[in-house]
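Paired with chain B in one complex and with chain C in the other, chain A is shared by the two complexes that follow.
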Partner chain A sequence: MTNMGKGKPFLEVLASAFHEDYRFPFLELFAFFYILGTFVLSNFTGSLTSASITTDEAVAYSIASSFISGSLIVFIFLIFKNIAYGLGNELEKGIIQTYFSYPLKRRAILTAKLLSAIGVALLLFIGIQISALYILAPDVVLPQLNIVIITYIANLSYPLLITAIMLLITLKLRRGGIGLIVGIILYFAISIVALIAFFVAVTSESPLFLQILSVISPTYALQYHYGGGLSGISTSLLVPWAPTLSEVLLYVGASYAIVASLFALGYIYFSRRLNL
Partner chain B sequence: MKRWTTIIGRSGTTLIAISLALLLVSFVPSISTHTSSGYGPLGSGRMNILVYARNFNPQQQFVGEVTVEGTVTLYVLELTLEFNFNLSSITAFGYNFTSADLQELLEEQPEKILWEHTVENEDYKWSYSPTRVMNATAVAYTDPDSENDLFEYTVSLRSGLAPKDKVQAIAYFVAPVGVILALPWFISLWKQRKPKTE
Partner chain C sequence: MSLIVAEGISKRYGKVVAVDNLNLSLKAGSVVGLIGPNGAGKTTTIKMILGLLKPDKGVVKVFGQNPWDNPSIRSMIGVVYEKAFFPAHQKMVDYLQRVCRIFGVPESRAMEVLRAVNLDDVSDRQIKALSAGMLQKFAIAHALVHSPKLIVADEMTANLDPQARSELLELVLRLHKDENVAFLLSSHILPELSMVCDSVAIINRGKVWAFGKLTELYEKYAIGIIRVTTDRASKLGAEIKKLSYVKEVASDIRGVSVRVADGKEDDFYEDVPRLARKVKAKILGIETGSASLQELYRMAVSAEEGK
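Entry: the complex of A and B
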């Protein structure tokens, strides 16, 4: 062990984490449902009916959003399973202690676990989504690649935020059950909160609540940028808020700063405070 | 078991799962949202608008079947049509696009032609799916130099999950690659299985 570099133990932990997270046939099942979710739940015709879809950029955004919405839930289930069930179980049963015998810092162990739990799921999600989008609508994706990328980044922010919160809860409680319940509630609550924020914005003629919501989930800022704030319906006449693309990027940056700080908290807790 | 065998094997089984999902997607039938049909000769230099679609997108396609005695050229054009309706005259309604407009478009804006096929004394089935979003129109046109005794058509605008041919082609390509990658892993799993105790 003494002559072993740091790379090999890290790969050992990563391989072990991958083996636990993606036991045959979980990876295959999720890949299957990614494809089904991508094609079955996307509806270009429906998403293009809004009167605000007039530019090529808006068309690219609309198609990318329609494509993401279907398989995002599959991605969320996969990372929920890996964090709450996988990591939670290992903490509860003390399996994680076996990793501490490797000549690795704790943060490297957590990195390996997260790379397996989130990184592989994200790689599969992005790979399938972009390939499918390119196969189906290459002439939409290529000319507006920046809009498609921004749409993906904005849409992934909130699921990653929930994941970070779930990670913190799982580490603190050393079991995944409560973290999983909180994650599911947070995932569904955002739609209700968005609806309330929309009605508050309409009645008060102030976009403040929508702006706060966009810091947590910048996909709403992007929706309002393209004038389709509520399930594809043009809301630009009802809500006095149409952020510019630069403002949308600021919201995206702010939301990822929150996500990064929550993950950093998770790392600090795992490295310094977690007593097993 | 070697780790690389497992990694490549699991990549293979994932590709098999992807191809199975793509096959399943391709078997979901599309639905017809609009159908038009007609029968009769299409005189020389004349045009017939077969179907028009606003926001024609990659999840939609034109599917048609024509029977031609003589010669007819089928076109799918990137073209926005408007319907003119004049209440003062019962004959003055129709699309704002005439045979003369078509001839001008074919000569001056060939980039607007998305697809074309000339049909000569035959039954012909065709389909067209776009790769972007546009307003599109399918038309049949008899060249001024050609003659046509019969033109019978049925054309529909169909909405589905994805173009069947494209998705099936990818599935048929991905599945064997997956099997080849997964085979060594399956063989090593088979070799590792415990022998049955008598």
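Entry: the complex of A and C
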């Protein structure tokens, strides 16, 4: 019997993009090493969290943030690979042109590519993180689920910001190399900027730079909220800034507004301006 | 009915004007060739027609719609790019079946089109493992999947061996004759175009220099062409150009194509040996009659340049 094609063009392009972005054994290895790393990290960070943090909220935050730090690098690597190498390569070589021969709107093509590049990595990352936290520390995670979620959302904001900037550069230049370099620089630059902002805040006794930094990366607002501003070291005595949780949420909202604006810019550029 | 209408379209890349106030139309069921040298603006024109590039000025309509923001018209267009790229890690047949699902045609069509380009024996091969010629054939199969009414092809026969070229041209003729498929073909290989095209657009420096049915263009630019085959074509061509009754001259590596004023043919036959002696050129042959598409192209460019 003849098999009539009834697939939706968008889903077929998405499936094709998945096929290119994710091939065995990358994801499986990623998951394996991540879980292995989570166990190692949990042993390493156990003493640190118990030494300086007392409230349940703070303990939940500390565990979630220590679990996230190592695996975030893998997550970012995956996204960088898919945007700079994947999308950049497809723009440069012309696979996107091939997709443009199908009856699909431009924004649908970009959505398929972004869902493939970011969406799956994000879902996988969150899924494994939540599972790991639930397996390793269910008694801490379940009662403080809101804190754990805020920690994840705050931590993912800056990588997504870098991703959006990389996307814009990749679309503008129609190749991924420069975007990748900028992404790597931005990823490492934030730690240096955070250090500078910390010392400026200490010397000037003004939290302005930390507040600006927190708009870009709200994870710092969360750290200062729990008094662990610099790499988990208690800074509440040194820095005159301890935002409330509501303020932290405002910083998270502001940072995601920036991320959303940059992605919207990418969509507008791709839909209205991108010449192939 | 016109499937493609381009009116006064222009496109710049920085300071370079790639296409300048270009007009072009293609009627249903016709086969139009775009001919011109490298950098003439053929690919840019095709990209604007396909909605990949937005014209800086002018209007493009394909099936009566602006191709930039009407993707639905792509269901009626098959596209073959000069350099074909597809997702590399998929098998040919799997990817074409996916394309069948995109266009809502039976998946069995994938093997049909692979058979049409003689790739059915290797349909399980991954796209990344294809040679340049096979990839080009695959691109042609990909363009045929949804039985389009219009096929736009930029250098379709690039990377193909002579046998595959000949088969492909037969396929074009068959699709045109049996299914009334219209074609817009750009190619450097002019003899091929002359085999399949009923009209040509001669593009040079971003403009259409001449456009019309082949018969009309031959009548306008190439009737009464005299072809002088020689070993020193450029020098002899330069001398011939000085003759007052010569209307157009176009030289290539093997000879000179000349159009002279009516009634001056005999004068030309008398003058050529003298000019050849002057520049120490050996005349290998002189013939009058029908010109090739290549000669038509040269004569048209020469005529329009002289205006």
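What we mean here is this: the second predicted complex is superposed on the first by the 255 of 276 C-alpha atoms of A that agree within 3 Å, B and C clash if a C-alpha of one lies under 4 Å from a C-alpha of the other, contacts with A are read in each partner's own complex, and residues count from 1 in each chain.
Methods note: a residue touches a chain if its C-beta (ideal position, glycine included) is under 8 Å from a C-beta of that chain, and two chains touch if they have at least 3 such contacts.
Because the structure is a prediction, the values reported are computed rather than measured.
Participant: So, does A:Thr203 touch the first partner chain B, the second partner chain C, both, or neither?
Facilitator: The answer is neither, since A:Thr203 touches no partner chain.
Participant: Between chain B (first) and chain C (second), which, if any, makes contact with A:Ala15: first, second, both or neither?
Facilitator: After superposition on chain A, A:Ala15 lies in contact with both partners, chain B and chain C.
Participant: Pick one for A:Leu104: touches chain B only (first), chain C only (second), both, or neither.
Facilitator: In the superposition, A:Leu104 touches chain C alone.
Participant: So, does A:Val59 touch the first partner chain B, the second partner chain C, both, or neither?
Facilitator: In the superposition, A:Val59 contacts chain B only.
Participant: With both complexes overlaid on chain A, does A:Ser246 touch chain B (first), chain C (second), both or neither?
Facilitator: neither
Participant: Going by the contact rule set out at the top, does A:Ile135 touch chain B (first), chain C (second), both, or neither?
Facilitator: Once the two structures are laid over each other on A, A:Ile135 reaches chain B alone.
Participant: Touching chain B in one complex and chain C in the other: list those residues of chain A.
Facilitator: 15
Participant: For chain A, which residues count as touching chain B in their complex?
Facilitator: 15, 22, 24-25, 27-29, 31-36, 39-40, 42-45, 48-49, 53, 59, 63, 124, 128, 135-140
Participant: Which positions of chain C touch chain A when the two form their complex?
Facilitator: Going through chain C, the ones touching chain A are 47, 50-54, 69, 71-75, 77-79, 81, 83-90, 95, 97-108, 142-143.
Participant: Could you list, by residue number, the parts of chain A that touch chain C in their complex?
Facilitator: Residues 2-7, 9, 12-13, 15-17, 19-20, 23, 90, 93-95, 97-98, 100-106, 273, 275-276.
Participant: What residues of chain B sit close enough to touch chain A in their complex?
Facilitator: Against chain A, the touching part of chain B is residues 3, 10, 13-14, 16-18, 20-22, 24-25, 28, 55, 57-60, 130-133, 159, 161-163, 166-167, 170.
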